[in-house]
Amino acid sequence: MSHNTFGHLFRVTTFGESHGVALGCVVDGCPPGIAIEAADIQAELDRRKPGQSRFTTQRREPDQVRILSGVFADDRTGGVQLTTGTPIALEIENTDQRSKDYSEIRDSYRPGHADYAYDAKYGIRDYRGGGRSSARETAARVAAGAIARRVLPADIVIRAALVQMGPHAVDRSRWDWDEVARNPFFCPDAETAKFYEEYLDGIRKDGSSIGAVIEVVAEGVPPGLGAPIYGKLDADLAAAMMSINAVKGVEIGDGFASAALRGEENADEMRSGNAGAPTFLANHAGGVLGGISTGQPLICRFAVKPTSSILTPRMSVTTNNRDVDLVTKGRHDPCVGIRAVPVAEAMMACVLADHYLRHRGQVGTRDRE
Amino acid sequence: MSHNTFGHLFRVTTFGESHGVALGCVVDGCPPGIAIEAADIQAELDRRKPGQSRFTTQRREPDQVRILSGVFADDRTGGVQLTTGTPIALEIENTDQRSKDYSEIRDSYRPGHADYAYDAKYGIRDYRGGGRSSARETAARVAAGAIARRVLPADIVIRAALVQMGPHAVDRSRWDWDEVARNPFFCPDAETAKFYEEYLDGIRKDGSSIGAVIEVVAEGVPPGLGAPIYGKLDADLAAAMMSINAVKGVEIGDGFASAALRGEENADEMRSGNAGAPTFLANHAGGVLGGISTGQPLICRFAVKPTSSILTPRMSVTTNNRDVDLVTKGRHDPCVGIRAVPVAEAMMACVLADHYLRHRGQVGTRDRE
Amino acid sequence: MSHNTFGHLFRVTTFGESHGVALGCVVDGCPPGIAIEAADIQAELDRRKPGQSRFTTQRREPDQVRILSGVFADDRTGGVQLTTGTPIALEIENTDQRSKDYSEIRDSYRPGHADYAYDAKYGIRDYRGGGRSSARETAARVAAGAIARRVLPADIVIRAALVQMGPHAVDRSRWDWDEVARNPFFCPDAETAKFYEEYLDGIRKDGSSIGAVIEVVAEGVPPGLGAPIYGKLDADLAAAMMSINAVKGVEIGDGFASAALRGEENADEMRSGNAGAPTFLANHAGGVLGGISTGQPLICRFAVKPTSSILTPRMSVTTNNRDVDLVTKGRHDPCVGIRAVPVAEAMMACVLADHYLRHRGQVGTRDRE
Amino acid sequence: MSHNTFGHLFRVTTFGESHGVALGCVVDGCPPGIAIEAADIQAELDRRKPGQSRFTTQRREPDQVRILSGVFADDRTGGVQLTTGTPIALEIENTDQRSKDYSEIRDSYRPGHADYAYDAKYGIRDYRGGGRSSARETAARVAAGAIARRVLPADIVIRAALVQMGPHAVDRSRWDWDEVARNPFFCPDAETAKFYEEYLDGIRKDGSSIGAVIEVVAEGVPPGLGAPIYGKLDADLAAAMMSINAVKGVEIGDGFASAALRGEENADEMRSGNAGAPTFLANHAGGVLGGISTGQPLICRFAVKPTSSILTPRMSVTTNNRDVDLVTKGRHDPCVGIRAVPVAEAMMACVLADHYLRHRGQVGTRDRE
């Protein structure tokens, strides 16, 4: 990961600001011959799209994606649009950029926001809607993720869910992946989802916001993906998730809970399996050992802090270093963690696609052994 | 981070296995003119060196470092050895490689270890002492970190401490950085350190092991370091820490606790400061906003799982997929988190040195504004 | 350089095919605070634009550039549009994509073209106008180069010229940089330019094409740019120029002629200079020694082969491996080297901008010496 | 290529100075399961080793290589030493570092040498024997190349030869690859080799030096290697060869001669081949079209300037900017191009190994088409 690009063989470069002309990405290194239509990408974008319930920002963006390059359909391929192996550029125009008075956030630093940090770094800042630091950038990740999913073998299933809002965790005994699509929180526990509705309404009406924890799981990942020591699968996942806006912590498998475990509790025992590969009796490791996938479900969780854009006045300073009490008006997510769910899936897909190609590059079919 | 290299401008490539000829690293991109002696690096290595108390592995390795290249001393520099801007190769010979019978770990997979994952990936595995997946590799990081510290402005202070062993966290009201050097646990709380002594003795005598949490803090970091969106300072830190052996979770500032916070609690309020920069009234963010340092202390914590090499028999399989009950003999750390403390400081130093140079490259003195 | 990205700190990623929706690039790592308007970029693009004389392809493309991101203008900057340090995406729509019958180049491989190589690699090929392998891609480089020029100190002057067409070299005693803008060949020698007019008309009327040699010179480059051993300034230039379509050779300074020189002829002698830096008495080295700039003019030349798209029938095969005699109709450049002149300047600018930032990153002001 | 590392999947990082403790490299990304012994690498190093005839430097260096990591032999592999997929560190100690008076080159800049450029860049310079800019660094490349050869399919044959010394080119009608090993010039033409003997003796006795041209050819390269647009096979080759000490020009296939060709001359015609692939009737392209290999022999040539270290006094300046007339004593190659021959093969092997793995990564077996 470097500046605005991530991935080594499956490389994604994103661009764009919240209120600029357009945002998008260039996906480089995609294998040729993969069928992909704009509609496939659009379907993923629609899951992340704002304004779908009262629990996300009321900004109305169609988030319509255009494929500018890297695909081709002709008679020889039966008219099916396929990737060609050249860079795939995706573009999403910004349409709902309200022309409003930005002078407040232009001249002051919103506490908890990147405003001050950007000014300290660059000496200039596109303050309209947060500019480059806006969560709007994650639309480009979701678009790239839609391609990454198709690079991976079809039996890899990547799903994410919101597992905690504020202090309220889901009841894992009620976990139902199908439930995730049925409520506005991507919550796998119907009962807790119902509770969240009332809970988040309260937060929203207070003009406040709340944090969340997201869990993303990849099943069907073959053993052997990952590139130790500094391209470890879990290290790349950690960076990928931490790079999502407002994320403050990432864990794999038992994560922080493993600090309290004894060796015999933590060791995932094995028994001989049918297909020659061992069967694991537990998955404290979350599907990765020594930075390499084990074939068990790959499990990653991350914490999202509450949106800093709230209606409660906070003490801050102006860009001229004068004291000010600031209220952030505008359209904001009361729980920005919610829309991080499809983003998490996209980042998982991109990291796996990259490691899938890297593994094939280094190890191939091992025909020279 | 890619395979065995990390960093973009300050780049570290490590090599070596636990029981091979030697291990070491090449530090590329180091600025010229920095005074460095082998003794400076040795001092850091000695903090990580095994066999210093009964609480770490009894392997006896002097971990003597040799500088092979990249430095030069002559009359013109008053005989002071300086970096020249060319790659600095550091080498540590392995000396205490016991010639023992490795057949057990050769033919079986230790549960919780990388054994199976390495075989699944590469079809071959240097099983002696864990090979490349051994925590011995972290010696190279510590050596690189000693150079990284000198690349950074002298007023940046990087320190780490063990803040939790098993379920037992330190009492932060008793935090004393000076205490860290006085006990074998790098623990900042003298009282808890005393407790750990007895506690870990119990673990050790049981032939078991235990997890830990490490906290690493960098003070004096100037605002503006970090390269959004995919070279965020916190994303690079997350990858760096997650790449350390046995780490299962990383958090910045309030980390996972921020999921339970409301927006007004989480927003680090500001008041006008003396030097033109704002004064922050809290540091929930852990010194980084939008992936860029704010000038506040940079705070990172990570969880280390318990060593899987334990004397309690665990169910496993052989490389031929037959059931076996395995006991891992040999010299092992009952709490591998302890020796992760100097490693954490080294990784923090390397990440900061890289971003310090990257920032200088992109933004420089901003003389063209 | 890797896949569709080049540069280390000043990074350019290009995308797009000859007859796709659009082409463009993302320029990442650009310093903040640099004034840039679309018109500045357009001016460079217009120099490369096809259809400006009868000596280039008759395809009519306005090559209108749009800046999608990475710049911002507001009251605080007096309304001047400045770079913000975030990625600058540039887009050029394709407008003159003739809907024609492509079946000939779809089913056959043009000799000397990338057709066969693309099919051999990817198993699929966007054959419309050459797809990704079309020289149309160089428009994106020229756009990026326009930004690179502004990253460099203002006293660096980058100029290129066509110095040979077919076997006919210019007369260097008549070299006049101002002449380059006055003829359709970017030729610095008015008399030879006149000759080229008639000469190329003959080639064109024959339905043939011809090769060329381009020279690009950067003056005012400060000494010290370059990153040995594998980021040598001349190695990066060699890759940059060789990556331009149809280029088959690159040389620096005396280039291939230096093979015939004796040591005493080749050594660029020095005398003490006024400003503390030496004065060079010759420039066989072409401004670079040991991969690092010396402060002398940086001189690079490259050979461009003749366009393979010609009206003379050539023996070839179909994609089904059947013999065919092929004539390439369509709009083509009789001397594709001509339009490589602004591309050469752009690539020189990008390489220098990258090394300028890299040098500043690693060495900075050397305040720690 | 970046600083001291080159390659994307097959990555080589070199370190070391001419008179430092040791030099060497780390080869990262090597596939597992490849049989390699130190003796295999030594055989290649011995071809480059100095002091083997009166036509190369008289420095006596055994150039003994040690493998520090990344390989493993045990019962399971029948005792054969195999690569493990982890980084392979190779080390060559410097032994013949004459303790001599270096004050002359310490205080003055040798014309044509990197002395001034290094000082201008870094403000410090290891002047002993040229430090990092010494051709001694190429030993590390040759060592890496020995591994790269084994990564490639066995039917790829890489050979290089000296084809011109001073103005004297070989007679290609007498080309005999077997002859290359029989004379001290790696010359494929026995008669010209005889001539070179007398010719170079004259140069040497004059205390002068002379340039050369080297040609490197890879046969059996499968079509499809290369990664357009900025990872073109020829662009990577150009950078690789240009990064070799004293190289001033690189060309592919007909190279600079193609500037004088007409389209119909340059187009490599094709006829249907037996194995489904076309047969090419010519190879002006040198085996690469659009940056991708065509299956024809890959042909690359480069020019090496004469060594600047000569006994004829040359005008120069001291580091204090005072005029001086300089004679470079010491042990030097009268034609440094000679020893570039095995280096050229090594760089070709490394570039091909990298692209072989990259192609396998991106395109694999195309099983998803």
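So that you can tell them apart, the chains are marked A, B, C and D in the order they are listed, and the count of residues begins at 1 in each.
As a convention for this text, contacts are C-beta pairs under 8 Å (C-beta built on N, C-alpha and C of every residue); 3 or more make two chains touch, one makes a residue touch a chain.
Remember, predicted model here, so these are calculated numbers, not experimental data.
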Query raised in the report: Rounded to the nearest 5 degrees, what is the angle of the rotation relating the C-alpha atoms of subunit B to those of subunit C?
Result: 180
**Report entry** Remotest chain, subunit A as reference, centres from CA atoms
**Finding:** D
Report task. Tell me whether subunit A and subunit B, two copies of the same sequence, contact each other through the same residue numbers or different ones, using over half shared as the line for same. Result -> same
Query raised in the report: Where the CA atoms of subunit A average out and where those of subunit D average out, how many Å apart are those spots?
Result: 44
Requested in this report: Please report how many Å separate the Cα centroid of subunit A from that of subunit B, as a whole number.
Outcome: 26
**Report entry** Rounded Å distance between subunit A and subunit C, as computed from the means of their C-alpha atoms
**Finding:** 37
Query raised in the report: What positions in subunit A touch 2 or more of the other chains?
Result: 3-5, 8, 14, 29, 32-33, 82, 85-86, 121-124, 132, 228, 363, 366, 369
Report summary line: Within the complex, subunit D is touched by subunit B residues 3-5, 11, 13-17, 20-24, 26, 28-29, 32-33, 66-70, 72, 74, 76-77, 82, 84-89, 91, 106, 121-127, 131-132
**Report entry** Residue numbers on subunit C that touch subunit D, as the complex places them
**Finding:** 1-6, 8, 14, 109-114, 116-118, 120-124, 132-133, 137, 164-167, 203, 208-213, 223-232, 234-243, 248-273, 276-278, 281, 284-286, 288-295, 303-310, 312, 314-317, 321-323, 337, 359, 363, 366, 369
Report task. Provide the residue numbers of subunit D that touch subunit A in the complex, in ascending order. Result -> 8-9, 29-34, 82, 85-86, 228, 357-358, 360-366, 368-369
